[in-house]
């Protein structure tokens, strides 16, 4: 990895250099009743709108690579025959400016399921291959626990990662393309002092976490506590609304619907991201539901993320971004649920 | 005039349809006309043979009857029964027909004499509690919404004509609201029935920063106890939740119980 | 030849709501000529009692599916007047724009889909799809434009979602507004061709002296708030609306009825035109002249023409409003409003005439008493008298059965009555 | 500045994700096929013979018993179905489908000649090759006979390579029995076929009761050692049924790794992406639908 140092003010130059492309980054979306600012990812046209010091966005950036709704194919009908047309829905490259380590880690996890395995998903793959990612360092929010999930720093999956150190940036350069763009900025080589400062910044960040999840032996504990009463309690609270999955940067499950045009000349097959908390997630034709109670569905969500995925990929499907807990109206948060399952409620 | 068409080799008949209205604002019917861009395609899908608001000719021979509005008078019950007899498929169009709609707001007074007096004084006028049409006749299909969402209606009617089974979303409005990446109304300090209301409107209101009022009725797994808890925790007056639950009649008993509870406590 | 005629129309078509026409003419004598309103009452005024004011616009919008925007705005105005709140200029502009687009879509709906079939000798717009495709296309285009703007400004074309006490929950997108402005400018051409089409329609020359009531514009063609006037010279303030409507009941109608200086009064496009023609822009005036409409006109069939003229007026005003909005930076969309005791009246000109909502609030902002006076209810008595006069006129003209029936239907339709709304 | 413009790369192509590559079942690729015949079997089930139209694709389409395909009716829906025909003979694919939902009820109205989409084959299979030289016990309840028919055919075609073959098939009532026209042929191949129904009608002369009653007799008729070392079982049917049966077999000494079941969960893709069929993080569509019973016991809430 190549490291470069540049003045904080140069980041605007970087933005301008990249702005011939469509840039997606954190912007302000309104004000919470408690006075704090609400952020979300959106297309940014003006550097002034880019809020690099955001805490956490409400939604992840997944709409840009794993859209909530996507056309899987269209059919055209003629004379009792039909043709199927598939379009992966990638038309232009995107620059993601200001992704935090958790969100880049989330992409890396999604890559494993959606680009690896038996049947790589070209809809995702085509978009994923057309991204230029500028990561940005962050400070813990009251609800994030990425360090517990090992996602507070990111080793790959980006082009450039910027760590803010006082009034300078340390840039980790991961791709040749990023290297060439940085050549147009005023940068210098990182010195030993910079390396020390980097470590200091990192350890300061670590000391700021207020929220934690104990993941030791978690896969086994989840199995042991499969029948635990706490699931029922959480289940009673759950609204089965699917909000947690929608804001989650790693939730990818979906449902498919087909619809025919009013003149029967076309049809569409539409995918919609789903959520395992929704009542009919595991319902099959004829009405049998494998998870009829909200507690079994909520439990499944934790099993998939913190047990099953770990077995399959040796890492959890949760990056600890804290979004689901923030968005959940019933205040169901990962740290609390896991603590209660471990029997160590705070 | 039934035109023969096929889809995947299965014959598709162009059904004769009628639109009828009981007590309502007639907005749901109007939504069909409000479909400027696709109106002509809609007309190729069905043959409209009875539509008082839009045409003079009327026929009592129809395959599908769309009935808008709730029943609030004896003559409406009679009309509804006649429509049921004529129609192969009876569709309840909009929240008034499905749940009683805003019309049932007067039911909460229980004293209809007071209601009449409040509006008409001593002038004699006939009315009774507003009820959904399913209280009087079997209903084959319900299309929710106040107003109905035209895109949804088109999808549903296409399926109806094709003979492709129709199912409503089983998840609440929050799903669609999140997919539209809205800021949650609760973050803005406003109440919202999104977590308990059946989706399908594509979060019509919340995408416009208006909290959901539950016009489409409850989602299958609606957790109302928890929503009440949330409203309390967020310091939003309970009354504002009640207003919404009560507005369209979809939450029937739950809303009545809540009113009873609040009135007892105040 | 003596005229004999029985007209019995149950549930008149191509109008909103349920009404019947009954005419009995024996040997050239009009025995009976009635307009009956049989719509079921829904008791909106009672529904609101005890509810917080935030419910009023939301619920009242549901009085009517065609002019839900007007009802919503009237309720909002009533609440704001009761609370002594004056909306910002930006809010006022957006509301007027929204109101105009409702007027446009409603007038177009009436003119092309409900009224035009009579003049073209068909039962509905459906046959026109094949016989007059360009007319239908133009109508759909105009209506869609108006509706699209309602969606963008009000959140929804029917039962709007963004309109609340204090302002809007959300503001329209400026890029969208700009493109709407352009589409509106282009639409003016459609009106010139519409005017040509309407010039070919033969309107009955029937007239009956009528008192016309509307808002009075001061430097503009009025739509929201202001003084109330009549062509008989009555002038009242907004909060004195009861003196302008004088509601009463009659056994032939489930809707309340109104009167002023005479037995009946009329509201609507023709009333607005008759009272405010001097506030109109040049182009609409030009069109009105071309179509033979000049003040004060007492032919109820001319309401159709007045609607067409108003379409042009609201389009031109909307173009200006959009320009102003584009030139001004956005302010906060909504201002905080304090609940307090008070009574407020909101008078709004909706497509069918002047609409009043009056709300009495208690100190916690709950509705103690609500009163809504709907334009069509103000028109019912006049329609009733017009039918009598029309029957008489038909006898004089020697018209026959079918013709009388059609003329009676066309007369009622000309008022563009919104019956379910009038009975609310 | 123009060189900062990111070149749009059609990486989908270079990664082999492109749409137009028949043969490998890429994500949205399906074979166009034609329904060549429809045979009503009972009041609710029909047998569909389906032929992939392109001869090359048809030639390359190979599957193993127990695997399933996704059948697509354009504009109507797509759903998973076990292949019920012989994996060895390259005839038309046979699917036996019950009308229960949106797509299947529409399919019920569809005539021969209709074009459909087929993708797959997907999933794991019954290891019939490994079973050679052993006794085989095939147990089906209700619609479970459908996925079982393919291993049955495959065993028939290599009959001499297997030891004793028993089929135990239970249905609710005689009218619900599937593939009745084939029982005679199965028996000709020296297969012990036991059929039992829950409720007899006037014409029924066979046994009435539960599958387990017949199974008990079968277990009693063999030796424990045969069971432990020489027998494989395939059990298909509703979860309660296969749980009962498998427990019984376990008690009789049949090792759990020698019992196979097929799990049916909701599926929207068949390719391990939609997550709907997951049990924990096990994809029924990739790691299943065929599992040995030991794996099933280890899947939380599988049954």
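Letters A, B, C and D name the chains as they come in the text, with residue numbers starting at 1 for each one.
Assume contacts are C-beta pairs under 8 Å (C-beta built on N, C-alpha and C of every residue); 3 or more make two chains touch, one makes a residue touch a chain.
Quantities reported herein were computed from a predicted structural model and do not represent experimental measurements.
Of all the chains shown, the one with its CA centroid nearest the global CA centroid is B. Of all the chains, the one whose CA centre sits at the greatest distance from that of subunit A is C. With centres set at the average Cα position, the gap from subunit C to subunit D is 65 Å.
The mean-CA centres of subunit A and subunit D are about 37 angstrom from one another, to the nearest whole unit.
One inter-chain figure worth recording: subunit A and subunit C are separated by 51 Å, centre to centre, where each centre is the mean of the chain's CA atoms. Averaged Cα coordinates give subunit B a centre that lies 26 Å from the centre of subunit C. Under the contact definition stated at the top, the residues of subunit A that touch 2 or more other chains are 77, 80, 82, 259-260. The residues of subunit B that reach two or more other chains are 7-9, 162, 164, listed in rising order.
Multi-chain contact residues, meaning those touching two or more other chains, do not occur anywhere in subunit C.
The residues of subunit C lying in touch with subunit B in their complex are 11, 13-17, 40-47, 49, 51-52, 54-55, 58-59, 62-66, 68, 109, 113-114, 117, 123-126, 129, 140-141, 143-144, 147, 155-159, 161-162, 164, 169-170, 249, 254, 256, 420-421.
Contact residues on subunit D toward subunit B in their complex (touch as defined above): 73-76, 101-102, 105-106, 109-111, 113-115. Within the complex formed with subunit A, the subunit B residues making contact are 5-9, 12, 38, 41-42, 44-45, 154-155, 157-159, 162, 164, 170-172, 174-175, 178-181, 183-184, 186-189, 194-196, 219-221, 223, 226-227, 229-230, 233.
On subunit A, the positions that touch subunit B within their shared complex are 29-33, 38, 40, 58-59, 63, 68-69, 77, 80, 82, 236-243, 246-247, 259-264, 272-273, 275, 278-280, 294, 327, 329-331.
The touching residues of subunit A, when paired with subunit D in their complex, are 17-18, 20-21, 72-73, 75, 77, 80-82, 84, 86, 88, 90-93, 95, 113-115, 117-123, 125-126, 129-130, 132, 177, 180-181, 223, 226, 252-256, 258-260, 267-269, 274, 276, 281-286, 290-291, 296, 300, 303-304, 307-309, 311-312.
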